[in-house]
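The following blocks contain the structures, represented as structure tokens.
What follows is subunit A paired twice: with subunit B in the first complex and subunit C in the second.
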Partner chain A sequence: MFFRFLKTCLLLSVLPLLGGCWSQINFDQLTVVSSLGLDLNPDKRLEVTIQLVNPTLPISAGGGNQQRRSIATYSAVGATVEDALETIRQQAKKSLFFPQTRVVMIGERLARKGLDGVMDYFWRNQYQNFNSFVLISKEPVRQALGKSQELQAVPADEWKAYLESKYYKSLSGAIELYQFLPRLNQSGYAAAVPGLRSAESYGANQRIMAIEELAVFRHERLVGWMNSDETQMVSWLSGMAKSGSFKVKIDEGTIISFQMNPVAVRLTPVFDGERITLKVKMVAEAGIVTSTAELNLADPDFNRKLVRSLTDHLQRQTEHTVYKLFRTYRTDSIGFGETIHRKAPSKWKKLKKDWEERLKTIKVEPEIKVVMTKSGLLIEGLITKDDEEKK
Partner chain B sequence: MTKHNDSNTPRRLESKERPSLDVLKKNIETELGNTSDIRTRECTVGEQMIPAVLVWIDGMVNSIDLNSNVLSPIISKSVELDMSPENKQALKLLSHSILTATETTAVTTPAQATSLMVEGWTIILIEGHNAMVAVNTLGFETRSIDEPSSANVIRGPRDGFVESIAMNISLIRRRVRSKQIRVESQTLGSISHTKIALLYVEDRVDRKVLEEVRKRVSKIDIDAVLESHYIEEMIKDSPWSLFPTVYSTERPDDVAGLILDGQVAILVDGTPFVLVLPCTLFHLLKTTEDLYLAYPVATFVRWIRFVGFLLTLLLPATYVGILIFHPEMVPPQLLSSILSARDGVPFPILLEALLMELTFEGLREASVRMPRSVGSAISIVGALVIGESAVQAGIISSPSVIIVAGTAISSFTIPSNSLSGSIRILKFVMLIFASILGLYGIIIGLFIVGIHLSAIKSVGMPYLAPFAPFKKDEAIRSFIRLPWFIQRNKR
Partner chain C sequence: MNQQIISNKQFFFIVFVSITCLSFFSSPNQLTSQVKQDLWLSMIFGTLIDIYVAYILQSLGNQYKGKTIIQYTGSILGKAAGKIVSLCYLLFFLIVMMTAMWIYCDFMSRSLMPETPQLVFSLTMMFCAGMATWIGIEAIARLSQLIGAIVLVASIILFICSIADFRIENLLPVLEDGILPPLRGAIYPGSWFGICITVAMLMPHLSNPSKMFWMKSKAVVLGAFIMTIYLMYSIAVMGPDMAGKFENPIYIFSRITHLIILDRVEVLLLLIFIFGSLITISIVFFAFTKGMQQWTGSKSPKPWIIIFGIIVVFSPFAPFSHNSPVISSYLSYWFPIGALCIEGGLTTMLFIIAMLRRHTG
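Right, the complex of A and B next:
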């Protein structure tokens, strides 16, 4: 009896071993991939570049003196993404860990050719970070990832921190993978991705990367770029950002920078037979950050003039941005199609078939209301010379 | 002028059937096996100056008591008493009007006499009398009442139970001065004859619980009870369970509060630990001090204790489970720092965690057994060797040291020593589960613990009461220490 009990215990204790440790990860072999880059090499073949993090102790824990490279970049060419990654694994000899990828970088060359067939990898792979940010690199990804230098040891960390920041969101137009992937196949809301290029004049060895401009996609193909003012407007119109800054030229020699917070935007479609009008209602609170000339804000007339010129400027900018998207690039990066989809689902069913063609005919009617709330510490231009009282 | 075991006493037999003093004394000595700690004192009683002997066991009697209540009345006041063997009333008169001790009785056989002697009574043998007078002179050295070392408080009474049951009962009685308090004494242990007492408040006690406790105590068949844990293990529900279903405490105010709540206390002679039944998991996570602190503070501290309970159980398991199976859950910077800290550490994560946890348990055990003067050496060894050197030597990674330290701190927040012990064992079980199945395994482990906890009872009360079965008011009171001014009902 006792031996039978012992035998049972022994057999039962073997049971967990039989199961093995299914999804166990060899933690010590694990290497975090900080960014994954996709590009075309000069021979027009798919080139995958990954940036691996060499773990270092944080500086606060005495890691500042460590003499080791904090990143390593590997590149390989392959027919598919996985094919190239397989080659990289042979080079790196580590288990690549993708769930904490900060940035997915796509080369402009590949993006212009079209991403069809490449993005399937991200849809299918379960070990993905759908919260990684997408960037379009204006120069070859291999160089961008390999040579970039930022204050933080791992450049992708720096980029992620910038793209995550709410403060810069309107300027960067940051988009995460989970937003980017579906928009590639959506006509009612096309993808728009911040661009990355190396900033000049920092010497040849040191490449400081600038995140600027916005790459606009039509389906899976990059069609053009928006400059930073337009980027900001796209962010506001699509509802991704609720603040930002704006500079307005009032008279000759007077340029005022405004801080706009919050900016509330509402898109309303108006149907008139076949014609569609996009009504943009924008309500913003603005504060003056700086001015190049003396302002007399105590004067109501001047105040009104200031508000009017800001309003006009915003109105022009709105029209310009929307027409540039709708007419020049024929893409809907502000999600107007989705707005119609939500507000008039039955109409959208008919519209979506030739939405790209229809975009050209859409008229924009901005309706902008600006409230001046802050003027900084100066109300009148009270900077007096030599402490003299103003008469 | 006490003489010890004087065998030279002259024989003075008045008549054949009257036993001589020598024989009487001999009988008692043989009954006790001629043990050498019997003390005697000879004297004479009555008008007739009949020789008598006082017999007691050394150390069990209070000598002042013996002197003033037994010896001196006999010597000084019995001279007018007729103590001749023919006088049937002699012994009765002696115990009723001469002896001033609180308790006297007449015994006839040496067996009776000796069984009283081992309990600290003094036997008066008088020549010519078959019957003997037994006087209660119990009084031995006890530890003075001082602060219980197992449960210190910042605010609250500082007296703790001692090893004497009479003293312990008095400590409770002086807190609850009610005629409703009932003490049911009995003797347990066929050799030790240990006194135990059930103590409860008559009009508050749960009758069913009381009946059940009485029944279980009466069924105990044991030769000796040296500590209340003997009884605890024999009366507890689900004896194979790791969890304590009997509450034990060293604090009289704790017991007073609990019996006022309708619970039954079991006091055992010879130990300062008093058992209280029934006991649920949430009883074990409360302390009496909760009631002495301001209610927001007490509530906060109680929550910290709940968190500590869970952390003790789950922290090492979560660390291992997440790192082995789900490293993507770790924030990038933390992952980077853990990876670099683990760089070059020879052991896998599970082994590392197990090693450190076992080392800590060892340290803890060592420091309990150590005399206080050596105790500080242990902490130096623990802090320096384990904390500093092992990390610097690259044997152990610093995150796992932090995890073990965190677990240790959490385990110290659990007020009950026995609960903390069982949680510390379960911690290892959880660790194994986590290493095999990750977070999934932890959930399985928690399910098993949860099923077990909801299945066991303590004398009829579900262990997870008042949460399973759910009773709203009591559940709120377990989670939040309600201020006295809004507690309307008495319990």
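Right, the complex of A and C next:
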């Protein structure tokens, strides 16, 4: 009996160890880093900015009269990311908590200079959140993180929610840290990152940020931007998104917006000696969201015209996007190199050495198939301008 | 004192938990970096190696009923040679235990609790494993049933929840560099799975030893299958380039994926595998201390539990344990080769000599 009691006491004595001993951090010392920003300062030195969550009391708990913002930003310059973070720790006097970081923001200036030697921090640090979304800021990161205003109290929460949403994925081109990091070193699949800039129409006092355009990288360096339509096409061609929306001008005065869902894309390499052709097979279902003119969808001729217009538009957009990536920027953000790697590994071994040079010579052959689906509340083809039924 | 007996089902779970937890902490790093998406083939070859060893041990166990490998080595090779060969097995058990403990402490300290001294991990683990060994094989067997079920259920839930992130194209091309890299890579799972030669110490404790081969094969196949899926998921979610760069890609995969509505489930997964490591270390410690008792002819294994328990606690402080080049060549070359020589080579030699002896009368 005595020994059993002794054993129980001995086992219970292990329980205090479960608290975490050495690695414990007092809760009041812990501050969640919602965004981590990297940029170059005017002296072209690495500047790290962090956006910290500054918890405020809810109104029901008496927090209505609090004047402080829900975020606090700190910036510091350093030779390495860790060096700058050490300075920030001295300023904030807090223990910085990175596992819940929502966004990693990189300034355009730093991205254009190249991220060599900067991203190593994210590979090594055990507290990183690999699910953080990556954004490229067109304006200094320090301003973007410090002055941005969103509906949610913590702007990074709003950005994360937007980037996570499957409805906006094709437009945003959202990419998480674990997808971004390896693509910086791959030639067969280069990184492409959504851009962030302040929306101009709101004036200087209201800094509403817009997530738009796509920054494309060649290895660790930003080489150019893709506009919204091109971003969507990159998202479809790379398989990162399976839906989206598109507007097409059918004729003078008729612009139709389509909802495309699903969009299935298959990339196939065709080799003819030294010549490589990229065959893009795209099958999409399209439904009309809105139109600026009256439509008679019951008319088979009009229906065919509509499908042809959309098909032609998608074809032109595919060619334009791929040629812009391959010929203007000499980068492969749609992962065509990886497609060759998977389908013809022996050929890829020879091609990958000078892949960026070969991109210029690749010919694109899109094969688009669009299926029109019924959508919306209207009875198609029965409504006229005067709201009279057709006889 | 009555000999403790375990059921075949309990034996199945001991082997299953040992295989999965050993693989979780040991082989992912070399396999994913060297073999990448073809590692499933290495895992199949590794499993075949282990099934072969299990067949040999079953034959030897049938021939020398009620005896452990330490005991029948003397019967096969004679007293002096038998002592030397069985000492090789004992030293191997000790090296395995120290290596497993070192890997466990190193991983915990680098990934989860970097400020905690490694001694804390080895001390708590050894305390629990020592207690389990002290009480006996029945306690370890019962615990393994519980942990085995948790490992299985948690793994299946995690796999189902991660289907959305699974990109099958990351697993292509198949056999990009031919069959040689997966064949060479088979030494990693093969050597770690082969640690289950400890079953040769458990056979006298089995309620039905004649079914050992069948139960062990089933457990190894299931354990290898679960670990292969973990590794393939890691590659399919992260891509071969990223998965190949990390010390433990399964851990990173658990950080990236979501469990229903929960993010960052790595702590849950680690908890399960730490429990499993307790079984693994306990079973090797049981085999080792039992073997020491039989080798020295002492009455009880308990003094050996205390002596070697203290030695193993200091595994994280072994010479060269923080010397990266030495550790790298030890884990990727010397340990697998040495382990396969003992598990496959030495055991096969015993089997051939025992067979010759039986035929020559």
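The rule is short, and it goes like this: the second predicted complex is superposed on the first by the 343 of 391 C-alpha atoms of A that agree within 3 Å, B and C clash if a C-alpha of one lies under 4 Å from a C-alpha of the other, contacts with A are read in each partner's own complex, and residues count from 1 in each chain.
Here, contacts are C-beta pairs under 8 Å (C-beta built on N, C-alpha and C of every residue); 3 or more make two chains touch, one makes a residue touch a chain.
Predicted model, so just to flag it, every value in this text is computed and none were measured.
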Which superposed partner A:F27 touches (first subunit B, second subunit C, both, neither) = first
Should A:V53 be classified as contacting the first partner (subunit B), the second (subunit C), both, or neither?
-> first
With the two structures laid over each other on chain A, which partner does A:N131 touch: subunit B (first), subunit C (second), both, or neither?
-> second
Touched partner set for A:M240, first subunit B, second subunit C, both or neither = neither
Which of the two partners, first being subunit B and second being subunit C, lies in contact with A:R342: first, second, both, or neither?
-> second
Of the two partner chains, subunit B (first) and subunit C (second), which one does A:W123 touch, if any: first, second, both, or neither?
-> second
Which partner does A:L40 reach: the first (subunit B), the second (subunit C), both, or neither?
-> neither
Where does A:Q186 make contact in the superposed view: on subunit B (first), on subunit C (second), on both, or on neither?
-> second
Once the shared chain is lined up, is A:P99 touching subunit B (first), subunit C (second), both, or neither of them?
-> both
Indicate the residue numbers of subunit A shared between its subunit B interface and its subunit C interface, in ascending order.
-> 21, 23, 99, 129
For subunit B, which residues count as touching subunit A in their complex?
-> 323-325, 327-328, 332-333, 335-343, 345, 348-349, 435-436, 438
Would you mind writing out the residues of subunit A in touch with subunit C in their complex?
-> 14, 17, 20-23, 99, 123, 126, 129-131, 176, 178-179, 181-182, 185-186, 239, 338, 341-343, 345
Which part of subunit A faces subunit B closely enough to touch in the complex?
-> 16, 19, 21, 23-25, 27-28, 30, 32, 53, 55-58, 61, 63, 97, 99-100, 102, 127, 129, 157
Using the touch definition up top, name the residues of subunit C that touch subunit A in the complex.
-> 110-117, 120, 124, 127, 167, 169, 172-173, 176, 238-239, 241-242, 245, 252, 255-256, 263-264
